[in-house]
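The structure under discussion is supplied below as structure tokens; questions concerning it will follow.
Note that the chains are named A, B, C and D in the order they appear, and that numbering of residues resets to 1 at the start of each chain.
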Amino acid sequence: MSTTSSPFPLLIVALPFLAAFAGLLLSRWPRTRRPQPGAAEAKGQEAGHQHRGGNRRAAWIAVLPTAVSAALALWLAAAQGFAFFAERAVDPVGADYGEIVTGTVPITLTLQADALSGVLGVLVTLVALAVQVYSVGYLHDDRRYPSYSAFISLFTSAMLLVVYSGDLLVLYVGWEVMGLCSYLLIGHWWEDRSNSRAAVKAFLVTRLGDVGFLFGIFVLGISADSFRIADVLAKVPEMSTATLVTATMLLLAGVAGKSAQVPLHTWLPDAMAGPTPISALIHAATMVAAGIFIVARLFPAFLGARPTLDVLAVMAALGMLGAALAALAQDDLKRVLAYSTISQLSYMAGGLAAGSDHAAIFHLLTHGAFKALLFLCAGAVIHHVGSNLMSQMGGLRRELPVTFAATTIGFAALMGLPPASGFFSKDSLLLAMDGAVSGAALTDAAALLLYASALATVVVTGAYSARAWLRTFFGPGRTIALPEPQPGTAHVVDTREAPPTMLIPIVLLAVPALLLGFAGGLHLDVGVATISVVLALLGSGVVYAFWRGDPVADPARILGPFRVPCERAFYVDSVYAALFVRPILALSRLVVSTDDRVVDGAVRGSGRTARGLSGVLRLAQNGNVQLYVSGVLAGVLLIVVGAVMFA
Amino acid sequence: MSGLSWLPVALLAVPLLGALLLLAPPPALRRTLRLYGLAVSGVVLVLAAIMVATFEYGQAARMQFTLDLPWIPGLGVRFHLGVDGISLPLVALTALLTFLCFVYLGVGDGRGQGQLLRPRAGGSRPRALVFTLLVLEVGMIGTFLALDLLLFFVFFEIVLIPMYFLIAVWGGKARRAAAVKFILYTLLGSVVMLLGLLFIWAQAGTLDMVELAARHGAGMSRAVQVIAFLAVGIGLAVKTPMWPLHTWLPDAHTEAPTVGSVLLAGVLLKMGTYGFARIAIPVLPEGAAALAPWLGALAVVGIIYGSLACLAQRDLKRMIAYSSVGHMGFVLLGFATLTTVGINGALFANVAHGLITGLLFFLAGAIKERYSTADMPSITGLLATLPHLGSVLTFAAIASLGLPGLAGFWGEMLALLGAFDPAEALSRPLFLTFMVIGGLGAVLTAAYFLVMLSRVTHGLPGSKAVPVPPGTVLAASGPGDEATGPEASLAIGPSDETADARLEKTGERIGLLSHMPDIRRYEMAAWVPLIVLILLFGLWPGLLLSLTTPAVEALLGVVS
Amino acid sequence: MTEAAPFLPPTTQEVVFLLLGAVAVGSALLVVTTKQLVHAALWLVLCFGALAGGYLVLTAEFVAWVQVLIYVGAVVVLLLFGIMLTRAPIGRSADLDSGNRVVAAVVALATAAVLVTVVIDGFRTAYAPLKPGEGAAGELGASVFSTWVLPFEALSVLLLAALIGAIVLSRTDIRGAPPSAGEAGGDPAPAEGPGGP
Amino acid sequence: MHIVYPAVVSALLFSIGVYGVLARRNTILVLMSVELMLNAVNINLVAFDMWLADVLHSGQVLTLFIIVIAAAEVGLGLAIVLALFRNRQSVDLDRLRALAEPADPATTADGDNGAGGDNGARADDHQPAGLDTVTSPQLTARGNGASDQGDGVGRPGHPARRGGNA
């Protein structure tokens, strides 16, 4: 495979990167003195004008480069004929920008687009563009909009680096910078301590996985003697199974962290503390999908490591069903979507475990479209209601008709109802899992568990989608007195429908959410498709029945006594807190006291011992000169005796 | 190249003459002291820049700008200076950080609280400060230039005295004790190191580092090398500092003035690690191979231990000091691997740590000035009160926790990569364990920095402080602008618990009520170069790695 | 410088010298043990006189006379003045010895033992014939004013300095400057600005 | 004449002088003892001058010089003694103890309450070794933040200002 030289990948990555710096540095230039926070309310009007101007400039700085990047990415993918959907390999397009010597395997700076990265680049830039435009409206009064949009630009750049990078360590750079942006953006409303905590948690949990990821890169890179992805993949057949299993297991840790898979999934629901567009971009469409992307990228290595695939299958099976059940019990609309994201990502992981990277990436693309759409719609709803809680929503279909329509498309795609995009991708995933049961890719137990769990998840997905849809847009309107906007929530606007900057992205995203499924070429398996549609309708039907019985009550009561554990996501957080967080904090206190008492105590002890000894000697220093002279003379005598005797 | 051999001498002579000139006419210089320090260190910086510019990068492994004169002929001690790819970045870093310290002290109207060069009540002794800093610069640069073991030791020791005064004269409340602890502890380490150096001399018969390094330990038996490495290593480890020889560091950092902390973290710690790269490992390869597992073990203990200690700290400066213990653990781990990549990583981490922690201490100093305390729980909402300062603090913390794309990452990553594939003489499973522990330490590093950010920069500002009419408090405690004004007047009271609480409360109120400026111009001038360099090295690590790699390979004997 | 057999019978001069030496040592012992201050000074006179005799025996006539003149004549008188000026009690006083008499005795005995042993061991056989007139005033004067004239002049300056010093020390109308509190010793550069409280 | 005789007399005289210097309390008696020691030296000089048959008479000339210096020394010494007597009303050597560290009230106080510990309220920053008061800045050195701005900065171990003896 020869690389066709092209500067496009670099441009696509660099533009948002430069935009990020420009946005941070130039938006408030020349700097105006910001009034003190106490005075801000009094001068609210004036201050609003001041930063609105800056926001406008920041918006242009943010949106334009992203748009150019999106156009370039589209062109790049189009030039390759969207080869991914056609499932044919193309020569990568890109360029080499030199090497960095390290003393061992060098780092190569390669940016290239092949079939896989081409389409993913399009997804990332398009969703990012939509989110940037949406945010202009969503945060138009926010004083910190410039930094916010700059962070999104930085994130876009990092994600594109992950997508286009031809070298594992360069990829890791993008991988981590994404995590940073996620941290910064989750903590956007840092006045609220819980947002800050959520941001820290998100960063730390993913970082834990990333350490494994880095080690996995080490294993692959050292055994392939190159960090270039192409070289690594070329060397995979020569590597021992043990090496591959070690490497892929370690990589899997990073994947689990980034893509919120089972042991490390707990950060994602908390990450919903960030502004909703962020949830759409980072925590639904792109960053969390990066884990899936990596597995697909290095799929040959994973195929060589069967035990890893089994582990992945079990993780996916547990994750998809558990998260779906948790989604069914949540009251916070965004948390419903967050658990839904975990569940859908597990679907993709399951598809990968079943041996079909194509299906997984296909679902990744459609999911990116419809989940981003759902989040943006949820944002519009939350913007309107002023609360995240579904118990405070209801009957919104008349007030927000456009949003309602878009959300309906989104939920249809999520449930996998034809003709929405989700139907096709989910169908190909189920097909792959079905094939894995009879195939040899997985051990039988894992394959069976995976397939059964996937089918059950289809039911639960139908149920929670229907519940969220019904409770948000139907039933009696629960008009409640709007509370003062806390720093942790979106600003309340009084317009009936969201502003156009928010609506246009929603409408634009609804199109791929509805139609993207047809891009993959219609190879349906009628049997599997029928089963999945029937199961999804079954789930939603049950919920509908319960809801009809009492439109005000929460249909989650079908879970019965199981509801509280579901709502708490099976107490994983508490277990982690008890197992890891508290012991570490206790240990750190222990270290501090040890440091003081033992380590430094030894130092101080030596000082004290010296002083004690000197205290003994001090007794001689009583000021009596004659005693001193006696000592001196005695010393001289000793020296003389010594000199006489030994000389 | 011999045409430029005056350059290293000039690097030493300029600050030394600058310092000596200060002794001569007391009143004439007083007005221009701020500019004077700036000018002298600026000249040194220019000289260092010339050195960087004229360095032959194709031959980074070779000593350049060498100067070799007899110094004490009877002992065979030579005045031997020179620069290669390992020391060049450190010389430049030293010149830069000293210059930035003078910028911090002297640019603008000099009214900033950290700007000690302005004569003020209570005696800030500006002339002595400039003198001290210049002498310190001589010692620091000399350490990195020296190519003779005894000369190295002399410069290594020269540094201690000005640093002692810096802490003891311009430090915080418990400065005396911290300064005494600093000097006693490091002197003790130095003595052990001197014994080791003399032992090498006795065994090898020469003090010339270049020759010793070229021999790669030939002529010294294994036992000799182990003993010498132990002695030299302990001396360097105290300076580095390596766990468990680190306890002087938090005290010294907590009490030192801002510029002292910056230079202490930015340069002084580097002298210890530089010694490993320059003396301990190349001169005593067998000793290094024998003791590397221990070095690695102590290094990873330091990483974990430092991180855990940070997690439970309340004092910002103390926390940053402990974070140095953790970061230096990565540096030592890199050395312990005895591979090119590991030592490369260590040297990179060294420079990166100098930049990042220097910046962090500048920031901590700025915060301490504004809030009159570095107690983290009593500082909240920094991003709301002082958004720019909070942003830069966030940047520095993120750089320090090793985010890829910023300078802190590459060193740690390469050190871990070195541990993944250590030198052949070392046990691989052991170093794999070290690598895993180090990786977990990286997570803990992220944890404490994020917790710190969450505590300090996030949240609502001063939610605990009750607003009171400005006149009452301020009138009671004098102008809050003075460095020690509000504290000194209150601190004389009885030292029981309630007084403490009252002090904290009042300090907080004063901090909130008095005019708290965001980043000032002189601070900006001092910090921006650091920020730019952190970004530059983070985005293009090849700048530094291409410089150190050939030199490290030569030292390890990989190529020759 | 002559060596001789160790056990020659003592000559007359030697006997005289030994007797004078015994007187000197004995009176010196009384100087350091007597309970009366003034007696101590007087025993000192006896000691010095005996020593002057010893010098005579050793053919150092000029030194002997100088000893009598300066030591017995001047120094002891000075000491007596000192005793009187410090209002020392005349008569027996019980506390002329300080607490570390034992230590002092031990050290002194050890000194004596070491010195005597070493001296006897080293000069057992050293013998020098006595030639009268060697230490006469003329002989010595020639030496002092030729070879030793420079030290001699230096000594005169020293004497002058001692004179002035003694005057300054004993004058009561000159007050010493109060000890300065603001000294900052050890500072690398001289203190700047207001030093401190 | 055997050189041993004057040498032994000189040694004994010197030892007696040593005893006097070490054991006598009155300063003037100490001065007398010093004179004894000087005379012991003189005997030696004269005896060895004779033994060496020195044409330059170095020994005897030196003896003369010593006698002169001794006279000067006694003069100066007595002046000092007088000055001392004027200031202290005493010439007793063992009552002149300004060289000792002053008796330390902190020592007894710490010994009494025992709870003062290392970081007790008495701890100030004039401690010479200071190693045991450093770790808790909240406790140490409160109350002298203002007073120690400028004094004695360069002499952290000044003995006369010593604080607690932990």
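FYI, contacts are C-beta pairs under 8 Å (C-beta built on N, C-alpha and C of every residue); 3 or more make two chains touch, one makes a residue touch a chain.
Owing to the predicted nature of the structure, the values given are computational and were not obtained by experimental measurement.
S.K.: Please state which pair of chains has more C-beta contact pairs than any other pair.
M.R.: Ranked by C-beta contact count, first place goes to C-D.
S.K.: Which chain has its C-alpha centroid at the greatest distance from the C-alpha centroid of chain D?
M.R.: Computed centres place A farthest from chain D.
S.K.: Which chain is in the middle, if each chain's centre is the mean of its C-alpha atoms?
M.R.: B
S.K.: Please compute the C-alpha centroid of chain A, do the same for chain B, then give the distance between them in whole Å.
M.R.: Taking the average C-alpha coordinate of chain A and of chain B, the gap between them is 35 Å.
S.K.: Find the geometric centre of each of chain B and chain C from their Cα atoms only, then give the gap between the two centres in Å, rounded to an integer.
M.R.: Inter-chain centre distance comes to 62 Å.
S.K.: Rounded to a whole Å, what is the gap between the Cα centroids of chain A and chain C?
M.R.: So the centre of chain A lies 95 Å away from the centre of chain C.
S.K.: State, to the nearest whole Å, the distance from the C-alpha centre of chain B to the C-alpha centre of chain D.
M.R.: The separation of the two C-alpha centroids amounts to 45 Å.
S.K.: Spell out, as numbers or ranges, the residues of chain A touching 2 or more other chains.
M.R.: Residues 600, 603, 607, 624, 626, 630, 633.
S.K.: For chain C, jot down the residues that touch at least 2 other chains.
M.R.: Residues 98-100, 103-104, 107, 111, 187, 191, 194-196.
S.K.: Could you check chain D for residues that touch two or more other chains and list them?
M.R.: If we look for residues of chain D contacting two or more partner chains, we find 18, 21-23, 93-94, 128-131, 134-135, 147, 149-150, 153-154.
S.K.: Tell me, which parts of chain C touch chain A in their complex?
M.R.: Those in contact with chain A are residues 98-100, 103-104, 107, 110-111, 114, 118.
S.K.: Would you tell me which residues of chain A are touching chain C in their complex?
M.R.: Touching chain C from chain A are residues 624, 626-627, 630, 633-634, 637, 640-641, 644.
S.K.: Can you list the chain D residues touching chain A in their complex?
M.R.: Chain D residues touching chain A: 18, 21-23, 93-94, 96-101, 118, 128-132, 134-135, 165-166.
S.K.: Touching residues of chain A toward chain D in the complex: what are they?
M.R.: On the chain A side, the touching residues are 596, 600, 603-604, 606-608, 610-611, 615, 618, 621-626, 628-630, 633.
S.K.: Hey, which residues of chain D end up touching chain C in the complex?
M.R.: 1-29, 31-33, 35-36, 39, 42-43, 46-47, 49-53, 56-57, 60-61, 63-65, 67-76, 78-83, 85-86, 91-94, 147, 149-155
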